[in-house]
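Next come two complexes, and both contain subunit A; in the first it sits with subunit B, in the second with subunit C.
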Partner chain A sequence: MIRTYVGLIIVLALAAVVISAVPGFSVPSELPYIGQNYAEQGVHDTGSINLVTAVVVAYRGLDTLGEVVVLFSASTAIVLILTLIPIGAHPTPPSSIVSFTAGVLPGAIVLFGIYIITHGHLSPGGGFPGGAVVASAFLLVMLGSNTIPGQSKMLASIESLAGLTFGLLGFWGMMTLGQFLNNLVLPAGSPGKVLSAGIIPLISLAIGAKVASELSGVFASYRKSGGAE
Partner chain B sequence: MSLLAAASIGTGVMMLVAAVAALVVKKLISAIIIVGFVSLSASVLFLLMDAPDVAITEASIGAAISTVIFLWGRGKIGGEE
Partner chain C sequence: MTAQSLFYWSLAVTALGLVIIGLWGVLTRKNILRIALAFTLADTGVNLILVWSGFLPNRTAPIIDSSSITSVVDPLPQALVLTSIVIGVAVAALFVVVGVLASRKSGSADIRRMKELRW
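Here is the complex of A and B:
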């Protein structure tokens, strides 16, 4: 009970802080220097219409590589813990609604995830959200059955291959243009086409495959960790 | 006040009410679903603030995947508050 009140006080205090900050909040009429540069030169520099992807994958590609490494070590640690300590839950038989949905929807969800991944440079999305959407389809498949997932070498291979692809694409830029992860080792093409924007689509594919396989691996190891009913 | 601002403030108030509700409801499963709703409202708020990239990520990870993980955790610890 006391925990409820402490939580209530924390939530209300945070709300008070946010509300007190609202009157002073305004959108600046001019972007700061580097933001202005990205906004004006982004499409020309990278060929990507979606400037968020241009910044995340092209301008700050090294940071994204670091993020992928963080995600990799986190998922490896989770899988290791779940393998050593069986703290997963027993799968319970799904209700008929869940099992029917799990039979119908996953294909469409995977297709939507692949769309988000491959159109990251044209519309909102990219590797991380697309990969999460694909992984949620596998999660739905797992929810729709009460069996234990088997060993999968393919998941680990896809994950390693995707990480390797990201690194090698970086080194490709280093070999040919003298800059790690230079976007323009492939032509920028005409902005708006799916096959444009240099290596952004390839990196998005690599990130998407990596995120999807990592999250699916975590779900599967959680299921396995629970053991049979 | 523009429609956009009104919608943003409405979503924010809804989030606040839901966050408080998640703390005071008795059943754990209701609290988990309400937390998922808070995430979904945050995703709508991001969309209203012209950040669709963040909104997609929040909707898929915050609203869908973490809710399911919480539900699995509830299945493990078994039930009530």
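Here is the complex of A and C:
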């Protein structure tokens, strides 16, 4: 009980520090300098009408490459731990609702995920959310079956190929325009079309394939980590 | 205080409240999976604070189609939060794996029984 109150006091003290650091209690009405610049120049610079995707993939493409590396190392660590030290999970038989749903829905979920990936520069979406949606279809299939997934090199090869594609697209910009991950090695096209915005759709595809195969690999290694129990 | 600024600051208070609840849970809970849940709650609160920092009242999502460039919110915090969410998922998955391993080893999910955590 004492622990609860001490924790509450510590957290409220931290909150008081944060609130006292707020500069002023006025509501802003103007974009800051960088945001204003992105809003004015973004479509012209990248050809992507979704400015968030323009920032993530084009302006800050190198950071996104680093983010993909972080995700890769985390998923590698998870798969490594679960392979070396089995946690003793054993799959329980799915209920009839789950097994029926797993037979019907995955096609539609994968299609929706591919739509989100390929329209990342037009509407909210892109490689990361779309890849997670595709991986959720994989998770549903796995929960709906009673078996343990076998050894498959397919996920690892898709993942490696997608990462390699991201890197090579970056080097393409370096070779032709002298800038790593330059977006305009392909023409910007007319903004608002699916085939526009330079290499943003290609990078979205690569990120989507990578995220989907990584998350699927994590799910599969949870299920496979049976152990001796 | 107008209705608009009340709405604006209530968003910040909600996000800060999520962070407070999450940190409090991390400090006081004893089940390691509940600590992981509280951690992701605090993570969500931090993401909300970041999104709120780019929010402007009466403006729409930063997608330039029919709306003019003077009616969108700041795209930069949203792009940062996209990164932050993905990293948060990776860290939470690693957290759960290590937590499950530790609870299998000590026979309980109670952190008071994990001898490896003491020094």
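Keep this in mind: the second predicted complex is superposed on the first by the 198 of 229 C-alpha atoms of A that agree within 3 Å, B and C clash if a C-alpha of one lies under 4 Å from a C-alpha of the other, contacts with A are read in each partner's own complex, and residues count from 1 in each chain.
FYI, a residue touches a chain if its C-beta (ideal position, glycine included) is under 8 Å from a C-beta of that chain, and two chains touch if they have at least 3 such contacts.
Fair warning: this is a prediction, and the values are worked out from it, not measured in the lab.
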item	value
Which superposed partner A:60 touches (first subunit B, second subunit C, both, neither)	second
First, second, both or neither for A:125, with subunit B first and subunit C second	first
Subunit B versus subunit C as contact partner of A:8, first or second or both or neither	both
Touching partner for A:174 - first (subunit B), second (subunit C), both, neither	neither
Comparing the two partners subunit B and subunit C, which touches a greater set of residues in subunit A	C
First, second, both or neither for A:49, with subunit B first and subunit C second	second
Partner chain(s) touched by A:25 [first = subunit B, second = subunit C, both, neither]	second
First, second, both or neither for A:74, with subunit B first and subunit C second	second
Touched partner set for A:39, first subunit B, second subunit C, both or neither	second
Touching partner for A:164 - first (subunit B), second (subunit C), both, neither	neither
On subunit A, positions contacted by subunit B and by subunit C	4, 7-8, 11-12, 15, 50, 52, 87-88, 124, 126, 128, 132, 222
Residue ranges of subunit A in contact with subunit C within the complex	3-4, 7-8, 10-12, 14-15, 18-19, 25-32, 34-35, 38-40, 42-43, 49-52, 54-56, 60, 63-64, 67, 70-71, 74-75, 77-78, 81-82, 85, 87-88, 122-124, 126, 128, 132, 191-192, 211, 218, 222
Subunit A contact footprint on subunit B (complex, rising order)	16, 19-20, 23-24, 52-53, 55-57, 60-61, 64-65, 68, 72-73, 75-76
Interface residues, subunit C side, partner subunit A - complex	4-5, 8-9, 16, 19-20, 23-24, 27-28, 54, 56-57, 61-65, 69-70, 72-76, 78-79, 82-83, 85-87, 89-91, 93-94, 97-98, 100-101, 104
Of subunit A, residues touching subunit B in the complex	4, 7-8, 11-12, 15, 50, 52-53, 87-90, 92, 116, 124-126, 128-129, 132-133, 135-136, 139, 143, 215, 222, 226
